[in-house]
């Protein structure tokens, strides 16, 4: 990587976080921490609250209890546009691009907070990272394939040189080869470059392969956490995905 | 042939005015998902402000600015203090439409209560008559056409080439993602209402100038044309609105030349009902998937 | 000013006409949820029809100073009957607009514009109803034998109008309080779900629009017979807004509220302004009236959106033989009731674990749900062939060929975006496939509409909350029961004597189910006020009461506490043992393990594998592509 893609990573942390919709908590009492240069992943069965957790950390879903901080500064319930300004780049799972806008325009919106003359430079930098996008700059984002669309979605957040990347199931709907490439080349690459990466993944094993630390969510709580090598040996972890069920459920409070 | 050409000329002017109005109307729908049926009342209020400025000896073209400002401010206030609070309550879309009808009554008849029921007209000459390509247009019409064309090109430039315009389109496509990108969507929405309101005020004033004489209730049926033009091009699509407005504007005036002019709205009516029935997302729009 | 006697008679007629129109519109808007912004054209249609039916032939009378069609010179009450019929007929062309699943506000706009344009046409096409000048010298009923200017006549007229309005009141009340009315309110709250439970939306909306049109038409006839003239200026589209204002202020969905609104708004405004001294320009007072109406609409929708008399909550659980029935919470504001209905300690999701569904084991599903004798031969009851769905060129489901066996609980799993919910929606008819076929009990049902599939025994639930919010829990359940004698326009018209006993039995069945699932205490609470898990249960119970042979569940356990999920799973297994076939889309694999056999795995829109969870776990491709990548 010749051009600086992201700023030096910052610590993103949630402490005792409860969050949900209409005052009802979907996740409760969650503490997670993502640190510079590492990929920290959150896995767990569908419905375990992974997405809700991420959304609450970037200001999209209301935090009911606990706090969220980036580089020690509280961002609890801060407006999403403020969170973006503080260097947290969030890629949602769906609705991750602006379909009627062209690829170029999507990137320009990604660089909305930049000075006018910086935007073009940044686009060049992002394109260097995702060269595939170069040939489709005038195409509408709604007409891209799944993999191209995801690259664009990530390119959009890279426009602001984020210090923290928050990715919600980036490989959903992608063919396995594309998913593997995305995770191992790009997402691992961000961390190796020094960024902080917080990743929610449904493909647990694939996530483990690139992670430095993994949290397992079940029933809105952290059920397990640990280094990937240890986790993959842990029978509860395997069960939580492949059935048997115990791991998928919240422990009795 | 000459009937066709003269009606075409008139149709082009009406279409240009309608295009301005529809673009504003559809932009409001795009960023806030509101069918603002009070749009016509703001148009006519703006026209009256221009008219009173004009009455005080100011040239009509300068007075026009008063109308533009009125439209912008009134629309912004309407969104900020009426529509946004109602929408925060998560009501059915129909509730906000009913509210907009209530506002339309307040706007139209509040104006009538103030200015009375008589017809008025701008202190403005029709100018020379110009003939070209068989079209006959007055100087006034040419200026109106010119203003509309310039504004439409300006809107195109705004949406396509400026940071603000792109942020407006991004906000209407996906408000949450725009916020995640650092766009202050509240500000963008307010600005959109200011700009669309300015278009509304401009359209109202030139509509009144073009009509010659007008009164407080003159714009009441204009909403039919607006809706037809918007649905033809696809709700929330500014370019669709331009296409729809030009089609509807020309079609109504040309048909007026051949059948009773009183029936000219019938074309718009048929188009609108046809679109609502068969393609509510417009000729070029497509149904949204989830 | 005439004497008070005359004045009172006039008030009586106007009040009756306004109340009648409001009752008609309230039935459409407040009960059935149809925002008929063109309501006034139905009243106008009635007025014109009554006029031209009662007037002599235009060419041979009055020196031909006005033009109009017909001129049949019919005696009363034929013109009034004709007016009602004409109002009903006018509804037919609008059915296509509201019958479809068009956004409510788009359909409303279509009707509004129709009103504007019809007014324009009538104004300009003189031969029809004499154009802008309108029709005058309309014969009042019995004018040849009775002095229409006398007090006796005017009072009699007012009395007849009032009696007819009272009749209309009881008519709409009768319909609203029937099983048909319940279906209409269900459609108002969520039309897609009502459709999935077998309600024929088009038929329901058609009958509502026709009846509303007839009521409006009659009100127009009464008015024109009294004022003896009718012109386009009397029925501008804004007149509909006045009626909407009346209903919003009185209380949408409440017929007494509609009458109250009619007295306050159209009648009250008309009468109060009579006493205002002439000030300012001649337009000032009428203009200010319109401003006041606009203000009332906005202020009421903000401060009291349910009106002065909010829609009444229907208490169905009362049972004289069952003193244990809980006293219902007192009536009041919907919002307050909704929150009051759920005790605090039960209002968050964790409380779902506390829901006791232990009683459910004693429920005899076979009788309660009319399942018939179990035929557990596990034959194929439902199958697809090459089912494909494409949205805007993106293929979401591709060539899915599956068979569902009778009496089995079939699971459907797959990563997000695998096309599970889309497949389920195509099975239920909510979405139509781009290609491929669906067979149910041996016949091709690919083009069968979803409501007909529901009636044939294929009932689905939805992933997102889909309760009918302003129906009570019990009403939610009862509304789903198919083939109710009172659940049709004419069945409802025949009255409680016709459907009452059956409805009571249905309510008892629903109460048993509700009791079995441990939610009896919420029987009379609005479903919109329940917790997430409780709402899920309501949906499942409601689907069961639709008497399905095949139950299609779309993530029924999402957001449900695991303990409750397992309890629900146990009951689903019991249902299958009783002969029901269930297809369940679910993420929670532990549930699949415990309850589903077989399980179908979808990935990227295709069927990847099928088998028990134990088998699937051994399959490389499943583990690779779905579970852990």
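Here are some notes:
For reference, chains read A, B and C in written order, and residue numbers begin at 1 within each chain.
Throughout what follows, a residue touches a chain if its C-beta (ideal position, glycine included) is under 8 Å from a C-beta of that chain, and two chains touch if they have at least 3 such contacts.
Since the structure is predicted, the reported quantities are computational estimates derived from the model, not experimental observations.
Nearest to the overall CA centre, using the mean of each chain's CA atoms, is chain C.
With respect to subunit B, maximal separation of chain centres occurs for A (centres as means of Cα atoms). The distance from the centre of subunit A to the centre of subunit C, each centre being the mean of the chain's C-alpha atoms, comes to 42 Å.
Centre to centre, using the average C-alpha position, subunit B and subunit C are separated by 34 Å.
For subunit C, the set of residues touching two or more other chains reads 392. Looking at the complex, you find that subunit A touches subunit B at residues 58, 60, 79-81, 83-85, 90, 92, 95-101, 105, 108-110, 112-113, 116, 156-157, 159-160.
The touching residues of subunit B, when paired with subunit A in their complex, are 163, 166-167, 169-170, 173-174, 176-185.
Residues 35, 37, 96-97, 100, 102-110, 112-114, 116-117, 120-121, 123-124, 238, 241, 244-245, 248, 280-284, 286-291, 293-298, 301-302, 305, 391-392, 394, 396 of subunit C are the ones that touch subunit B when the two sit in their complex.
Residues 24-26, 45-47, 93, 142, 169, 171-173, 175-176, 179-180, 202-207, 219, 241-246, 248-250 of subunit A are the ones touching subunit C in the complex. Taken together, the subunit B residues at the contact with subunit C in this complex read 35, 37, 82, 85-86, 91-99, 101-110, 112-113, 116-117, 216, 221, 223-224, 227-228, 260, 262-263, 265-266, 269, 272-273, 276-277, 280, 286-287, 289.
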